[in-house]
Amino acid sequence: MVDQVHKEFRRRDLLYSGALWLLSLIIPDPQLHYRREYRFRKRDLFYLLTILLLPLIWSDPHFHHIMVLGGIHGILALGLTLFLGYAGQISLGQAAFFGIGAYTTAVLTTRYGLPSFLAFWASALTAFLFAYLIGRPILKLKGYFLALATLGFGEIFLVMVRESPRLTGGVIGIFDIPFFSFAGFIFDTYLKQYYLIWGVLMGLVLFSKNLIRSKMGRAFLAVAASEDGASAVGIDVSRIKLGVFVIGAAFAGLAGSLFASVMSTANPETFSLNLSVLIVMMVILGGMGNLYGPIAGAIFLTYLIDELSRYQEYSLPIYGVILILLLIFFPDGIGTRLRIRLIYLISYWGRKRRREKVEL
Amino acid sequence: MFLSVEEIVKHYDGVMALNRISLQVRKGTVKGLMGPNGAGKSTLFHLISGMERPDSGKIFFKKRDITGLQTYEISRLGVGRTFQTLQIFGNMTVVENVLTGMHSRIRGGFLSSGLYLPQIKKSEEIAIKEAKEILELLGLFGRWKWFASQLSYGEQRRLEIARGLAAKPDLLLLDEPAAGLTYPEAKQLAQTLSRLKEAGLTLFLIEHHMGMVMEIADEVAVLNNGELLAEGPPDMVKKDPGVIEAYAPRR
Amino acid sequence: MDIIQILPQLLSTGITFGAIYALVGLGFVTIARASQIINFAQGEFVMLGGMITFFLLNKIHLPYPLAALFAILIVVIIGFLLHLLVIYPLRKASLPILLMATLGASLFLSSASALLFGTLPKALPPFSARAPFEIGNISVSPQSLWVLVAAFLTLFSLYLLSHRTLLGKAMEASSTDPLGADLTGISRNLMIFLAFGVSAGIGSVAGIFITPIFYVSYHSGILIGLKGFIAAVLGGWGKHNGAILGGFALGVLESLSVAFIPSGYKDAIAFIVLLLILYIRPKGILGSPFIDSRRW
């Protein structure tokens, strides 16, 4: 896009492109998949350093707490972006897999005294198995019907949780889940939890990145673009869909496990439809078809909800309005739209100055 | 017989799309399939590639019964195809489209791809090299980093053929490859196709451009209203009274 | 208690609930027939219909019929606004975005109504004499009959609208072939706009008729809406009589289930039915004119 706008090179273009380069480090690249071949870029280094150093520079515990939540949401969004952003399928049931992960950890650690490290993996496995079982019949659906079927699964999950109090504590939920610990090291402060969650998230980002640049990533995009075309080149469409659904669910299960061991509680209110909507919003606002965007979207929306909670009973209506406005003004993601506007504006200023010179 | 269609019947809500069609394609030849609109040509391709099921009849490929197999299974057995309405992957670059065509030839599952094991890396590198060769063959090399949706219509058609070739099929079904192409583009396409034939690929193509079919096809079959009108070498079919009647009916 | 004994009573409750789901389902179908959009805020229209009538009746002290009329009017205006402010700006957006936008609208409407009307559940007085009458050993409340009448009247008028008037044909055309409708000079946006109004009207009517039977609170909209949608899918997505049939089937199934499983699971029944119908026969009982089109 940039080279189409700048027809000839001027000295001030150096300034513009410098500014754009700086901004491009911060704003998620809408066409990240354009560079799927490369492995580790400056951008990745920048993100990595920011994540590692930010909590040390900004040592406000509340900020750490927001980032812990944001990281958990980021894992959820990352799982969904593979399904929604790359494979083009919609799911409103992510909250249920999140809940399955959380309850698995909660039950295993409080009732059976399993170490949280093992419960962590068990959660992913449980979410994986549930997704495998329901994915088979559900994933032949498309569009609204798929959305509705996954939503239905989420509601059934909630009813099950509420109605089996002996296992899940019913509407009250489970309390006093032990903090995550590994080899005697307990993650009991926000800062420690921050590094735990963002560490897990980085691992999952690496996994997803590899997936995306391999043949599987191309198969996801092919399924999203044309199922007929995909099957004609030998892609087993239903297997790919099931695979990506199951991976997303396993990510959600991990996130749920981390959530349970960080917040020490699990109750059904958390895993309602609103959370599923929130996760889809993160992916949409982050931009479909890129990996970092949804994580940025997760941090942004987590921060937004935290800010809004100050307004108490007004927070939900304001939240609804903000969601709709964001959708109307940034339907293809905040980063994408901002970047397009920036490029346009910069080129517009350039042209305007040039024009003024001619007139003088 | 390489590909053999036997007594295929297909109805759509009472409309007879194909009525007891039998035809064969020999290895290493180019077979043309012609007929007016609605004759059932695309339906036949859909049946061969497994996108639809025949009501009765059998299809054999390399002496194997492929009736009722899934599309991707048939594709993996070596039947590639292109579509009349383009089905390219506009959300990927040109080279990635071709790499997607190699899907079943590149190694790796979900887990090994996610961990990017060394063998995956190696197999990807080989695949990219091969993809560029295929793009060179179809004259798309200069566009390899473009998004497929940015290509012109003719280039998209060629890209679809490139993608079909990437799977190294033994038989390639081409559904109107020259539709919507300009004259020079169609001419170039005919050259490419005959080069593929020389390389030993079996082609089965639906085409309206009489000239092109006559030029490259070894054998032609003509369908009309779900019936097989004529089959044989192009010169013979051209003179068949039934074919003339179907294409230029007397008032 | 013997199941056989309570069966007729359960059936009659089921039919009442079925009529409610049918009405809500009709609202979904109306919009779907004009635009292939699924409006997840449909349930909120129902909730608002009941809430606003309650407010006009008890706080402003309007007479009952007038309060109901004004409530319908207000909800129809809300429906129009929903289209103008949310759906119209997103007319070119992709499916997930439209879906999220209607869910966001639903969230806004329910939380705003909690703010305006309070969080306590509300009930309206029944339309006619309170005493339920007995048929055999089943007691039927008169309000249930009112709901039935409302469902069938709505079905009848919708049928007339879509099959006997040019407007209905135009709406249908703009759904099945948007481009073709544009080319023949039908204003697609106007059709969707009208459909939102009509469907909001149906929703509010449903709300007014059911609030005397069960309590409506600010968060009950989404569940009623989803069940109405499930009813419409069950009967045959996009068909008016399908929505009615699906509604009754769902209502009866739900209320019969109480006899066999703990009542806490009642809300899960609808979704289990949904998953089953989508798996076995996505076209629904009566078949669907839309199910083969591209968007599903």
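To keep things simple, chains are lettered A, B and C as they appear, and every chain counts its residues starting from 1.
In the analysis below, a residue touches a chain if its C-beta (ideal position, glycine included) is under 8 Å from a C-beta of that chain, and two chains touch if they have at least 3 such contacts.
Keep in mind that what you see is a predicted model, and the values were worked out from it rather than measured.
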item	value
Centre-most chain, if every chain is reduced to its averaged C-alpha atoms	A
Chain of greatest Cα-centre distance to chain A	B
Whole-Å separation of chain centres (CA-atom averages), chain B against chain C	48
Separation of mean Cα positions, chain C and chain A [Å, integer]	33
Chain A and chain B: spacing of chain centres that average the CA atoms, whole Å	40
Touching two or more other chains - residue numbers and ranges from chain A	none
Contact set on chain A toward chain B in their complex	33-34, 36-37, 207-208, 210-211, 213-219, 221-222, 224-226, 228-237, 243, 247, 289
For the chain C and chain A complex, residues of the former touching the latter	38, 85-86, 89-90, 93-97, 99-101, 103-105, 107-109, 111-112, 114-115, 222, 226, 229-230, 233, 262, 264-265, 267-268, 271-272, 274-275, 278-279, 282, 295-296
Partner chain A, residues of chain B touching it in the complex	49, 51, 70-72, 75-76, 80-81, 83, 87-93, 96, 99-104, 106, 108-110, 113-116, 120, 124, 128, 147, 163-164, 166-167
Residues on chain A engaged by chain C in the complex (per definition of touch)	84, 90, 134, 137-138, 141-145, 147-149, 151-153, 155-156, 159-160, 162-163, 273-274, 277, 280-281, 284, 313-314, 316-317, 319-321, 323-324, 327-328, 331
